[in-house]
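Heads up, there are several structures right after this.
You will see chain A twice below: alongside chain B first, and alongside chain C after that.
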Partner chain A sequence: MTVTTAAPRPRVSRGPALAHSPVLRLVVKRLLMAIPILLGVTALAFWVLSLIPGNAAQQLLGPEATPEQVHQLEQQLGLDKPGIVRYLDWLKGAVHGDFGKSLVSGQPVSELLPGRLAVTGELVFLAFFVSLAVAIPVALLAARRPNGVVDRLSMMIGTAGLSVANYVLALVLVLIFAVGLGWLPAIGYEPLSSGLWANLKTMILPSAAIGIPLFCFYGRFLRSDLVDQMQGEDYITTAQAKGLGPWQVLVRHAFRNSSFGLITVVGLNLGTLIGGTVIIEQIFALPGLGQLLLQSINTRDFVVVLAAVVIFAVVAVLANLIVDLLYAVLDPRIRYGSH
Partner chain B sequence: MAVIDTPLGVSEHPGVEHEEAVRPSRWRGKLGVWIPAGLVVLIVAACFLAPLVFDLPKPIGGDVLDSYLPTGSPGHPLGTDGNGNDTLSRVLYGGRASLLIAVTVNLLGLLVGGTLGALSGQIGGAVDTTIMRLLDVLIAFPSLVLTLAVAQAPGPSMRNTILALAFFSIPAFARVARAAVLRLRSLPFMAAAELCGTPRWRVLFRHLAPNIAPQVITFGMLGMGIVIIIEGALSFLGLGVPRPNPSWGNMIADGQQSLSATPGLVLWPSLALLITVLSFNLLGENLRVRWSGR
Partner chain C sequence: MRQRIISQRICMALLLATSLVLTACGGDSGSGSSGNSSGKPVKGGSLTVLEDTAFAGSWPTGLDPATNTTGGANISMEQAIYGGLFLLRADDDGSNAKVEGNQAESGTLSDDGLTLTVKLRDGIKFSDGTPLDAQAVVDNWNRDLQAPCTCKPTWQLAPDGIKVVDPLTVSVTFTQPNAAVLASFPASNVNWIVSPTALQQMGEDAFKIKPVGAGPFIVQDNQLSSTLTLTRNPDYFKEGLPYLDKLTFQSIGGDQPAYQALQAGQAQAYEGMNTTPLIEQAQSNGNLTVTIQPATSPYNIQLNTKIAPFNDEKAREAIYRATDFDAIAKGLFKDKYPVSQSFTAPGGLFYPLEVKDYPEFDLDKAKQLVQELGGLTVNLGTISNYVAKQIITALQTQWEKAGIKVTTNDLQLSALVQQFQSGQWQAMLQTAGAWDPAAGVGVSFRYSSKSPFSGIADPDLDTLLAQAAGTTDMDKRKDLYTQANQLIADKRYSPFGLAFAPTNLAVQGVAGPGLTTQIPAILVNTGVIWDEVYRSNG
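Up next is the complex of A and B:
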């Protein structure tokens, strides 16, 4: 790491040390680097959309429309301008915080997205929350006695759960809890405003379909990490030698260290997870971001697609950044920015 | 590999003995690899050889009069779908499509992504930063948009599905290969190779490649499962393998419409999907355990 401070001076407060910390510089550097990534992602999305035959005007008017009608609407929507001009126009607006209006509904994207984002956000949050809340105690129990009954059982369930496609799981859950038992609705969405239980009833099956494979993944990861810590690390021996009970060593020492690894995996997973909600929203007819993205691609509504792509990309970039940061923070042998 | 960076190269963690303690006994380790490997061979044989050896009905162009026959009907052991096509035959032919796509996508990812990532990690500096940031764009990009475009522009086909999926396996393989190379870069044998004046390509293919192969191949096995699942998801959305040709994904999606009346139409392809993905996952996982134990 290159040190920028020239004059050696005593470090009294933590402030200056933090300002010169490599971690902070990494954050700033990576946030600056996110700009070209976002540019690349939106440009790629725009280019890819222009490859699909047909535009929003044709899709809106349907196959019966005359070429004149299509041409008129194209002019109205500004689709007659060359692609690069349209992209730059969009970019200019986006930089100023104006993501434009939907070509299909005419609604401003800033009004269209928050509701959708809330649905997808709730779905992801529930799936995350439930999977972690179950995975952590199960992994601790399993790591307490490696190769014991709990460990074997959770390993088996975990391996099976990891191999199930979430759309298959969704259908199985519908078959059992909606068709068979009739406890929960098979499809549909109720907003939070119509009551917490009404809302949760429509969200349980979709978030379970996403959360169960996640639970298996996190549980297995944490379990093997814990076992590694317990068997190979000196600080565990120290803690045991101090006379701490097995649970205290496991929870207060091993789990503390393993939790960093878990956070890393969770962060890396976030991008793929949000992408995975598309199909679940489709199966359960949830009005989320994924469904909007799918519809907008079908109607060639590039304004909405670009906005959705930006959101997906920002989440993925941030998750990536946090993971890289954690690597640097946790493992001093890995240094960024110096060679 | 904490051993390497400690001063004087003195090992703080004689970790080998500890790892030995958790490793399953020799024959169980072997069984853990051979059983899923055998299952994979069995599945491949069933999908590619069974239709040649046994006289199966065709997977498409069935008689509508035979539609929705239940499981166990004469001539149709797993019943038929809404178009009167034999479900068993569709599961086997659908498996062909899934396996072919998964193998091709992973090979592309392994060759292109693996080389790119290893090279990026080996060279380092500005080259590394450039390659990885370009791949970040692909990772940050919602894959659905690209796959939809690729599938819609010239129409869904197996080749387009493979290309679209390969785009997303390449950055994943690149990351795995790069991380593995970074871990090796500070080892003495790398310095030795450099001191001997070994050309870069030779270091890459003769020294780095064999060392990162276990990690990359293990990832490829897990990748097989992932690609089979994603291909199913694409077919589910009406992309991927074009109908009426069967794939596990589009069979599950079609069966969804009559889920409560004929759950078998969802059950059989789902079961095939599950067993296949499970075998590949177990194989990858157990290979990892065996190789990392060495």
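Up next is the complex of A and C:
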């Protein structure tokens, strides 16, 4: 009788397997890289703010203030300390999760920002969502028949949309849909707690003012890339030779490849887009982060400015991380670590 | 497909046409109120008032008068919350303006100008139920005078100068006569009395967000520099007032969005419009009441007489002779605003101040003076705003016709302050004066040797301005200001010009003092009396 003993099963360890995951490595690497980025941008923002003439005390008191009054307020706000001391004080607090109190209002930044962030976040999300939701089908239709009616029409609209500054577009949209037709409000914000439609009504025009130029840009960008893919790539010829229909070739093959470029552009756009919300929030009187940032720059409230800069930097880092992760989703070679 | 494209084009054309029609300019001119106000006051309703983010729509430090550094800009909100001890009132056309008691029954200045006695009305309570009495006023004033705001009064107090005389009477003793003390009240933080009890209970940080006063409205919600929502104070001391149930101040990013928001029905009033083409549009819009307020502070060209080239009187006269403010008022502003030859204007307490032989526009004379000087090069600056930038561009053109080489700078606030403090500026377009020339920062701010914002060091002028501010006899004050103004003209210190004033807009059915009637601007905006504002269709 032969007794065979089964070889012991190797212990399954998830740790080393995860550690070898290229996606996880990417995430960890990017998050570690975020630390010097955040330090750099906050230091740069503080330095730039200190170069602008005047400080919070001068800005708050206005042109009629005497030097004595300005000095008195500087002392109250702690602005008589050297710049480096003020920055390091702020940094020390920020590392411990305490972003300090607004120099101007005295409100804790941790109370001031969340509500503002929600408004701007919703604005940016809607602008992106609408612009991509419209741009992708329009680009596909335009690329299906280059120089056809849809392509020419979308080119005309795209050129017009890209030529108009978003604040001009905002005023025209208000003129038509709020003043002329009375369908949507010209200013103001209703939170989601007031109801979905009440909230959306206040966000349609601002997000359209940001989203329309984006739609025009993404639409033209994607259309050009799709046309290039369709006209010159071997894999397209192969797909066509397999007998796939033109829509299948366009959507399943060309679009998948073109989406790399689109994702990259969208990721890079995010930073610019947050900057674009500043003026739109002013025009539509939206109590968002952009409005707060502008007010804080005007009053030289460096505590709030730095906190906002941290948020923008984190969003930019995360956006780029998500873009990289999406590459991995779209291309298995990246997912499995091959080059 | 072609038909669809054509119909889309038609739609686009219609939309564009609609927008063009809506923005089409109209063309009334002149000052005062245009459009129809409402009929009889009606109780109830709500009102949303827009305020420009760049000025009154900014209250970043909250609305506690003792800590609000922008108090001079937030007079409307303060009046709505606190009511005010005194208010500036006038006939509907802005005439006969005078400071009247509101929560104060009376304010009496002694003949020597050294003691002010304020008698309060009996029975006034803050919205937290505590009394607005003499002790509350003294507590407030002691806090206010420590405020880091240019809106605090410059009282030269005698030791222990603020006293409770009896439960409803307060006295203030000065070391120097203070003739303008009552005139200064409506624009200074001592006018707004907060509840000391609520302040103590809430603490300063919470109080400045949700302050408690005895005014016509109670703070319901306050998003700093964004939205302030107020509701009626049911225990307001004036019977039947306020008319409105709810009053909301909404900050907005400029005249154009504000005008569109009014047209879209999102708001019913806007304070302080200054974009002339939009004012013209509003005047031709039958749905709006447009009230151009009486001007009190004319633009002036400050010349720095302490350095070249304006340490030479001939160079200063060349500027006077090359400047044609009448042409600017007509060409740029369609004669909506008067031109003044003094540091006061039609809405001012001492207007008109007679001036003999004012050096008026004379291009030939200007050319001759420039030639005699061997040429004149000038840097002209101003604060960066729409009206001021338009004026300095026009001045540059006029002066260059006289052979003066001109560079212009429109400066942000801090850069402007730095220029003044450096003492190296040459010419600045600014505004001078106030409703009472000695109120607030006053006329001395631009002309006294002690002020860092003056380009003049003339002891005679200092004496005249100080005497005028310290004399209680109004006729004597006017005479002293006339002499001061004459001295400015004789020495060619500073040409005066356009007396610009802000414009208030209100939709039909909305009316109230200061909003649809004229009250002279105290500092920049008019003090609207919000308890008496109503809407008939509210």
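In this text, the second predicted complex is superposed on the first by the 257 of 339 C-alpha atoms of A that agree within 3 Å, B and C clash if a C-alpha of one lies under 4 Å from a C-alpha of the other, contacts with A are read in each partner's own complex, and residues count from 1 in each chain.
The rule is short, and it goes like this: a contact is a pair of C-beta atoms (placed from the backbone, for glycine too) under 8 Å apart; a residue touches a chain by one contact, two chains touch by 3 or more.
Source: prediction; values computed, not measured.
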Chain B versus chain C as contact partner of A:P67, first or second or both or neither: second
Contacts of A:P36 with chain B and chain C, given as first, second, both or neither: first
Which superposed partner A:Q282 touches (first chain B, second chain C, both, neither): both
Touched partner set for A:A45, first chain B, second chain C, both or neither: first
Touching partner for A:P53 - first (chain B), second (chain C), both, neither: both
First, second, both or neither for A:V179, with chain B first and chain C second: both
Contacts of A:V104 with chain B and chain C, given as first, second, both or neither: second
Partner chain(s) touched by A:L171 [first = chain B, second = chain C, both, neither]: both
Contacts of A:G232 with chain B and chain C, given as first, second, both or neither: first
Residues of chain A that lie at the interface with chain B and also at the interface with chain C: 52-53, 171-172, 174-175, 179, 279, 282-283
In the complex with chain A, residue positions of chain C that touch it: 1, 5, 15, 18-19, 22-23, 53, 58, 60-62, 69-70, 72, 148-150, 204-205, 208-209, 223-227, 250-254, 256-257, 260-261, 263-267, 383, 412-418, 421, 440-441, 445, 452-453
Chain B residues within the chain A interface of the complex: 5, 12-13, 15, 18-19, 21-22, 124-125, 133-134, 136-137, 139-146, 148-150, 152-153, 182, 225, 229, 232-233, 236-237, 252, 256, 259-260, 263, 266, 270, 273-274, 277-278, 281-282, 285
Interface residues, chain A side, partner chain B - complex: 33, 36-38, 40-41, 44-45, 48-49, 51-53, 146, 159-160, 162-165, 167-168, 171-172, 174-175, 179, 227, 231-234, 271, 275, 278-279, 282-283, 290, 293-294, 297, 305, 308-309, 312-313, 316-317, 320, 333-334, 339
Residues of chain A defined as touching chain C within the complex: 52-54, 57-67, 69, 72-73, 76, 104-107, 149, 153, 171-172, 174-176, 178-180, 182, 185-188, 279, 282-285, 287, 291, 295, 298-299, 301
